[in-house]
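Single-structure report; data block below.
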């Protein structure tokens, strides 16, 4: 894919590229034919494997399928036509291909496969970040720094506590991804599965045969089995919300890095700052800039998915479904890019305890609250006024350890 | 509250009104003082109950507090000033009030209390809807109707199946709400709890005493215990996303009602249609209109919460936190209103199986797919071409029964 | 109104409050009756003035109208019922009231009256800001400061140039508001004006009489004359976009103030910083915080208006119209509040040329680009490396002077 | 480009593709070098034309530039490096290339060139639509149909009047595009133009020379001359808002076509309905579906542009600028696709006056309002109850004629 206007896009690799989506659609068609043949609904000769379909579609075909997708409003129609033609309509593979399915089954299942892959990637990124942030919080649990509220110096805290807050956000993102499922979409023309049951009419229990075949088809493409959910778009909005929760967490820590790496603050810096086209001296916090960019882009895209879900009328809505595809792809690719950039950002983050100490020492009034407490309590002041920061760090570290342990097992 | 420009707003009652938020803020201050006194951190005379605070604040004060909130940017500052003044700063209650807290603790905890109440209400609405929709799906599992895709007639389905799809969306919404927690926010000036620990300095284990007090304070206001989450806004975005999932589900079924109650379709109608200011004959599907309105309003508000979460820099961000309050209130009140309207809509929904049958009988081409399958399979057509609709209805009804059972126990 | 969760809301005064909207709706009904009576379409006794209507509706009625608005989906239905009842249906005033109108006419015209008032207020705010910013740019056109790109020090600039950029944004906002029109909505049941023409049937030229009356009615409520635009929502989206352009401009300058007033930077500060509920020393940039808050809230609300416009099907859409009302009100009130806060912010802004000079002097590498140019050109470096900043300031000041002059005349 | 997940994307051709943006960036670099050489600021040998730059960059380079763009956060840095290298850094062309510019100048100017092209295309589409809709409104000004409000039959209107309302929206879109300007961005490192002035130091009036060169450079790439607007993003938000106004207008008419082409209504149909992957009989309103899709996608993207504008701090913001690029491209390409589809939709739209007449005749209560007016007025009813529809059509046609005339001249 590679997007000149979204630097870093290559980090998302083939994820949900046109070619990858096409390949996933072929996988769905193949799994369906194989599963229905295995269940005795299709003749056994109708089964056609993913590789057999793949060789039928060349790189040149993608452009034609894409262009032809407009006539019927989706890419499955020209794809099935092409496949049937090349499998030969007079042969079982060509004759039976896609029977019992509808375009939405193929598109939705393919998108769920892409979403599953994206989420798997992001979960891996989050685990890396959990390890990096846990180490950062541990290392700096005793590094004093000034807390800032509404841009102003407030009271002392530790940089470890700040890192633990970043980590808490990352862990929340991980938890939200962990509950996602990626259901196959297999329902036929309007979600009744009537065509497949009709084709299974010769079997003693057509319904059971179809259900078996559906479960097998889902398993073949690595999706969760599910009854048709054509207009119940919760699987899509949940993915959108959970992934946006991750970009929120990354955006927040990138925002802190941007603030703290201002020259006047200088408490952290990116390890490998980016250059400038005209100013040779500059070391820009480029990764943070690009991560923050993704955090700005995400919420409106997730909102589009909700608006589509809310308007999904009839048994297939006129437009609400169609707008989801590219929106979901964009949301997911950008999240994967930002996740990867965040890991790099954390891996190379330079922390300057000396600058933190100097700022804290020079900060006016950061002992004012403590002075008030001392007066109120009538006792000598404590040494550090760091409250429960250590306990809070411990609690987040324990949570992180649990997630890491669980992920390993 | 009552909003002339959001008809039906009264259904949300006192939820998160200015007065309710003020009352919740008083509850937080009271719970804090009582819990810290109980833990021996505050002198026992410093404990002041919710009722004792409530009598200090009159209806007239709300306007003044509201106006004075601007100077410091939040309503807690003038509220605490007023309370201390009326409790008398020279007496323990006045002297110790709010010590150890920060404005954000009070506002966030109060908003979480409101969110908890809203979600509790919505869960009740959803359970009512589950029962209504389950009955509707059961009653009409054998009512044939035409499925519509991209606005056009597709193949036969049953109205029970359609109702089951509505129900599936409502159940998804219920599940999303069920996992929400409503954490108290108790962290002090910048989330370190330093002031409270300082005040607990005379106790053998100040940290333990504070943790005990914090847990008790959370329990007193009915919130979940939590370490400070000042800039980790997941509790807020999760509420926003989950509630938007509910308005999605309602918007979708309201959209179907709007389509199906068009005079040319006439397959359903609202039981009590609304009138017109100039056309006496009209029976408008008003509830559906108003529910759909809420589904349009929700996603951008939820996106605002995500954008705020992603920008929550430092230990308290300059604006991102402040924009959440009214946004969350609006989102929640509108959801509660729409939920209530949806229940009424479903309770009185009129279904016309005769019109459905007539439309289906007259629909051109709805047997075309079946004819293709028959030709392919070389067998006589089945009687109804309804596929697995019955099984799908059963599956959703089983899920509904599980939710209802669990809610009762 | 006064909103505890939107500090500063009182600055918007009565603008578009429920009472103000109700009053505007009465004005529309009155103007209509008077104009149609004047044109001879209504009997002359049917004319009823705004004040005469106003006295019929007490403060208590507002709550009842609000609650009753739900049944028909809008507040005009219960309002007209109440008015007719109190004017007595057997008397001409009661009998003819609202004849020829539809609910949408009354609501849309009332909202346009509110929008007009809001925009007028904002234009006044912008003019004040133009004067303040012009003075600021003039005063500091020779105040060197460091330019910052991607948070890092870049090259020298002047604070006057920065202020001129703020001013350019404010001027853009002014220009966008200046082109807005506020059309009356007068179309009858579905925008055909059939009822009024029917009632004018006894006149020689009914169409001409109605057109005259419509123009007069618009003039009476201070709106622009217009053919019915029921489902062509451009007047609403244009207001939303233009006002969001203003909050963009304010948000940007508030964002700069927030950055520059960080203690580590300290180059500007708000004149009257806000306090803290627990930290006595803090002087928070509260106005900037609250302005930034509005800039975060605006874009999603404007997007809701566009989404509604895009979905305005039929001759009145089921929900898209209804969601606009409160959305527009919120957008406008928040803009008026932010505009007022921005004026205060600019009026009291403290600028610290000494800090700017110190930062610039200490900034590493800000002369690197110049060094490169010197090497390239093979000449001695210029004294200040400020390029055309002075000319740019002049250009914006000239534009500001033009706007100010035009506004005075 | 061609996007498998956005059927119809090919209609936008090369607009703002990576290759087109790259080419525009080359044009900016070339125009700058030529203009500065012409002004005597650069040595005359430093001038390098667009074609000379173009031949230096092969198809293979695009991928490398794209990947390398991440390090500095934008594609100009690797592009300039590559160009200098291939022009040879020891020769004037290589040595002087890009001197005085900053990355933002090149990216913003290139995007403005793309926006200008997109808007030019859309204006052409709108003019075609104006002609088609004017003919439609004229042809059907006497075709009675039923008006629908809140989905229900209201009163009679004409299809010509409905078409005229569609036309009014399209004309509003045209007007909004007509006021757009596309300013060049030429400001240097932080918008002061210091480097260019430094390089012009040998000339008698360096400032004047630079201003001349800037104006010429803008003209060479077909952009409007402008002082630097680095953080004043009004040119971007205005494009986003105006283009979204167009998708609103298209979405609205597509929504009407979708409703009216439901089989139960059958009053219009798309001329060339799209097929189905499994239901051979279906003639889907595919163009309307795809246009509506774009109308759903647009508003949140435009909101992203506003949010970015509002957060454009410092002299170049960390992320807000970067998120604009792909957002603007997506918004513009989708609008161009939707505009083209709308033209086709209108060109082939099939109108069924017989169905309209039948619906109107059968509609219950559509004469109720008239009956009320007749009773009120005490006169015999008029023949058609169409009010001023004819006059309203005339007014829109006059407006259309004015626009068409102006466009031709």
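By letter and in written order, the chains are A, B, C and D; residue numbering begins at 1 in each of them.
Criterion: a residue touches a chain if its C-beta (ideal position, glycine included) is under 8 Å from a C-beta of that chain, and two chains touch if they have at least 3 such contacts.
In this text, all values refer to a predicted model and were calculated from it rather than measured experimentally.
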item	value
Of all other chains, the one whose Cα centre sits farthest from subunit B	D
More contacts between chains, B-D or A-D	A-D
Length of the line joining the C-alpha centres of subunit A and subunit D, rounded to whole Å	30
Between subunit B and subunit A, distance of the C-alpha-averaged centres to the nearest whole Å	25
Separation of subunit B from subunit D, taking each centre as the mean of its C-alpha atoms, in whole Å	37
Subunit C residues counted as touching two or more neighbouring chains	73, 99-100, 148-151, 154-155, 188-189, 195, 258-259, 276, 278-279, 284-286, 289, 295-296, 300, 303-304, 307, 311, 318, 369
Subunit D-touching residues of subunit B, taken from the complex the two chains share	148-155, 258-259, 261-265, 276, 278-286, 289, 300, 303, 307, 359, 363-366, 368-369, 372
Subunit D-facing residues of subunit A, complex	2-10, 18, 21-22, 62-63, 65-67, 69-77, 80, 98-103, 106, 188-189, 195, 254, 258, 274-279, 284-286, 288-297, 300-301, 303-304, 307-308, 311, 318-320, 322-323, 325-327, 329-330
Subunit D residues touching subunit C - in the complex, by the definition given at the top	73, 95-96, 99-100, 147-151, 154-157, 161-162, 165, 168-169, 172, 176, 179, 188-199, 201-202, 207, 210-211, 227-234, 237-238, 241, 244-245, 247-248, 251-252, 255-256, 258-259, 295-296, 298-300, 302-304, 306-307, 309-318, 369-370, 373-374, 376-377, 379, 381-382, 385-389, 391-392, 395-396
